[in-house]
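You will see chain A twice below: alongside chain B first, and alongside chain C after that.
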Partner chain A sequence: MTQRASGPAAGATYVFAVTRTLDPAVVADLGGMSAGEPVRTLPLGSLVGVVQSVPAHDFTDEAWQQRLSDPHDLERCARAHNEVVSASAAYGPVIPLPLATLYLSDTRARQALESEADRFHAVLRRIAHHAEWGVKVYSSPAPPPAGADRPVPSADRGRPAPGAGLAYLERKRGLQQRREQCLEQSLRIAEEVDAELGKLATAARRLRTHGRRPSDAQGSQVLNATYLVAEQRAQEFAELTRALRGRTEARIELSGPWVPYSFISEV
Partner chain B sequence: MSNVDFRTGSAPVPGPPNANLADILERVLDKGIVIAGDIKIDLLDIELLTIRLRLFVASVDTAKKAGIDWWETDPALSSRAARSALQDENRELRDRLASLEEGTEQSKETPRT
Partner chain C sequence: MTGEPVPWDTPGPLSGPIGVPLVDLLDRVLATGVVVSGDLVIAIADVPLVRVSLHALLSSVSERVPAPWPDGGPL
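Right after this comes the complex of A and B.
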C-alpha cells in the first residue's frame, strides 16, 4: 500500500499460529497479512510456527493503530488472520497468536517461540480434538398487549372519554411491565441455555454481550457465550442447541466450529 | 439462523465458512496466547477499539443482512435523521390536532376554550 524509499525493504516476521505439524502447502496459497510474500511454516524444534514475512514499515504500532481504526482494514486483517489460523488446524490442534504478533526476523521469532515450547505443548494437549462453539441468545421482543390496544371507550370521536388519560397511563405502565417481564424471562432462558450447554462442554466462557442496536427489533443479546466442545460431542451439542431453541422459543444462534481462540490463555 | 459447518471428519477445525465479522473480531483481537513480540503494539488501545468497532461492525453486519441503513435514520447518529424524526412527530401531531378540531366543530354546542 504505502511506498517508502527506505533502502532494502526491512522485513518483519508476522506469526499467525503455532502447531505441532503442518504441510506448508496448506497455507501457501493464502493471502495472509500482506501481499507479496507467501504464508509459510517456520520450524521451532518440536513445533511449527505459521508465519509470513511482511514489510516492517507497514507493521509499526502507528500503522496498526491506523489499520485498526479503519473498519474495512480491520475486517481484512481479522479475516486474513482467522483464515490462516483456521487452515493451520488441518493436521491437529493449533494455537492462534493474537492479531499483530510480530518479530524483527525469523531468528528472533524462533528464539521467542521456542522458549515457550512447554507452555505451547500444554495448551495443545488441552485443546486437542476440541473446537470452540459460540452461542448467542436474544431476548424476545415485547409482545403486543392482548386486546389492550383500543380499550378507550370513545363516546365522541373528537373528545376523549372520561378516564382516557388514566387508561393511557395504565397502558403505558402495562407496556413497561411487559417489557421488564420479557427481559427477565429472556435472562432466565439465557441462564438455562448456558447451564445446559455447559454440561456438554469441556469448558465455557461468557463473552461481552453486544450492545443493543437501535434498529434491532429482534430484541437485545442476553447471552454471548462460547464453549470448548470435544469433537465427538459436537453433533450432540448442535442438537441440544436446536432442542433448546424449540423449548424456549428464543432466538439462539450457534456458530462454529472455531479454532478454540477463547480457550487458549487459561493455562 | 445458524452458522454451522459439519465438515468435520479428518480435518478437525476448518472454522466456520462465512463467519460473522463480530464473531471473528472478538476471538482474533484479544484472545490467543500472550507472547511478547518484538514490535510493541498497544494492546490496551486494541481492547478499547474492539469494543467500539465490534459494536459498529456488528451493527453494520446485521443491518447489511437486513438491508437497513439504520445509521442514516437513527436520530442519535445522524442529525438529518434527528430533524426528520422531529418533523415526523410534528406532522403526526398536526394531523391529530386537525382531526380533533374537526370533531369539535361537528359538536357545536360545546364552545372551545
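Right after this comes the complex of A and C.
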C-alpha cells in the first residue's frame, strides 16, 4: 500500500455482508479471509455488518492482484468469502458484498455502510425468503461424423478420380450443417428452459456463459442463467428442472440454494 | 426479521459451501454484489473476470485523501 496513513496498527476492516441481525457465534468460528482475527459483527444502526479485522499490508491492491492471479488463492478467497456470507444467512436475508470490500477501520466501514441503510433495507425486503438457483444448459455433444452415410458422388465432369475432393467437401459441409443445426436446437432449448423456469422465479438473470474447456467433451454452454426463487417454490423449481431435463434431453445443471448474490444490485 | 434458519449450508445434491462448483461461485462472488464504494472488476490473466481497483478504494478512505465521490459511493 502506498498510503500508510493509518498508523502503526495498520489494520483494515474486511466486510463480508450486511444483514438485519446475527448471533455473532454463528460466524465466530469461521476462518474468514485472514488467520488470527475472528469474524465478528459490526453494528450499523438498524443493520449489522459481518466483518473481520485484517492486516492492511496483506490486502493492498498489489496483494490482491497477486492473490487473485493464483488459482488456489482465488479459490480459497472465494470459498472463504462465501462461507461467511452463507453462514450469515442463518437468521434471515443477507446482502453479500463483493469479494475484497475493505475499509481502513471499523469507523470508516460504518460511515460508508450506514449511509446506504435505506438501500440495504430495500434489498433485504426484496430477497427475504428467497434463494438464488443457478441453471446451466449445454449443447448436445458433437454430431457423429457424417461421412459414413453419405454416398460418394458419381463421376464429375468425366475426370479420372471422380468426386473424391467434392465428396470430402460435401462431408465437411454436412458436418458443419449438422453442428449448426445442433447448436440452433440447443439454443432453442436454452430459451425454452429459461422461459419455463422464469415463470416460477421472482426474478431472472442471464450470466455470461462459460468458455468451453478442452476437457469438456459434453458440448458448449448455451445458457448460464440464475433465478431468484421464493422458498416455498424451491421444490417446484427443482422438479421443473428435472422435468425439462427429461423433456429436452439436454444436459441441464442446477446449483443452489445460493445467497442471492445476483439479485441485490437491482434495487 | 425472521428467526427461521435458512439451510444455506445444508449439503444438497449440488450445493454446500465446499461442494459448490468454483466457476459458479466466481460468477457470483466476483461478478455481483452490492458495490458500496470502489470499482471491483478483476482481470485474471487474459480472462476478464474482475479487475480489483482497491488502490482507489483504500486511498478514498484514507484520512489524508478525500473520497473521490460524495456520499461514500458511486451508487
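The working rule: the second predicted complex is superposed on the first by the 237 of 267 C-alpha atoms of A that agree within 3 Å, B and C clash if a C-alpha of one lies under 4 Å from a C-alpha of the other, contacts with A are read in each partner's own complex, and residues count from 1 in each chain.
The rule we apply is simple: a contact is a pair of C-beta atoms (placed from the backbone, for glycine too) under 8 Å apart; a residue touches a chain by one contact, two chains touch by 3 or more.
Nothing here was measured: the structure is a model prediction, and the numbers come from that model.
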Problem - Room on chain A for both chain B and chain C (clash or fit) - result: clash
Exercise for the section: State whether A:Q177 touches chain B only (first), chain C only (second), both chains, or neither. Expected result: neither
Handout entry: Which superposed partner A:R20 touches (first chain B, second chain C, both, neither)
Key = second
Problem - First, second, both or neither for A:H210, with chain B first and chain C second - result: both
Practice task
Check whether A:P257 is in contact with chain B, with chain C, with both or with neither, and answer first, second, both or neither.
Solution key: both
Exercise for the section: Kindly classify A:A234 by the partners it touches after superposition: chain B alone (first), chain C alone (second), both, or neither? Expected result: first
Handout entry: Touched partner set for A:Q66, first chain B, second chain C, both or neither
Key = neither
Practice task
State which residues of chain A lie in both footprints, the one left by chain B and the one left by chain C.
Solution key: 12, 15, 18, 56, 59-61, 64-65, 68-69, 74-75, 78-79, 81-83, 86-87, 89-90, 92, 95-104, 108, 112-113, 116, 119-120, 123, 129, 131-132, 134, 207-208, 210, 231, 253-259, 261-262, 264-265
Exercise for the section: Would you pull the chain B residues touching chain A in the complex into a rising list? Expected result: 1-6, 8, 11-16, 19-43, 45-46, 49, 51, 53-60, 62-63, 66, 68, 70, 73-74, 76-77, 99-104, 106-107
Exercise for the section: Report the residues of chain A in contact with chain C in the complex, numbered from low to high. Expected result: 1-3, 5-6, 12, 15, 18, 20-21, 56, 59-61, 64-65, 68-69, 74-75, 78-79, 81-83, 86-87, 89-92, 95-104, 108, 111-113, 115-116, 119-120, 123, 128-129, 131-132, 134, 136, 207-208, 210, 224, 226, 231, 253-259, 261-262, 264-265
Practice task
Could you pull out which chain A residues touch chain B in their complex?
Solution key: 12, 15, 18, 56, 59-61, 64-65, 68-69, 71, 74-75, 78-79, 81-83, 85-87, 89-90, 92-104, 108, 112-113, 116, 119-120, 123, 129, 131-132, 134, 156-159, 207-208, 210-211, 213-216, 231, 234-235, 238, 241, 251, 253-262, 264-265
Practice task
Under the touch definition given earlier, write down the residues of chain C that touch chain A in their complex.
Solution key: 1-9, 12, 14-15, 17-18, 20-38, 40, 42, 44-45, 50, 52-55, 57-59, 61-65, 71-73, 75
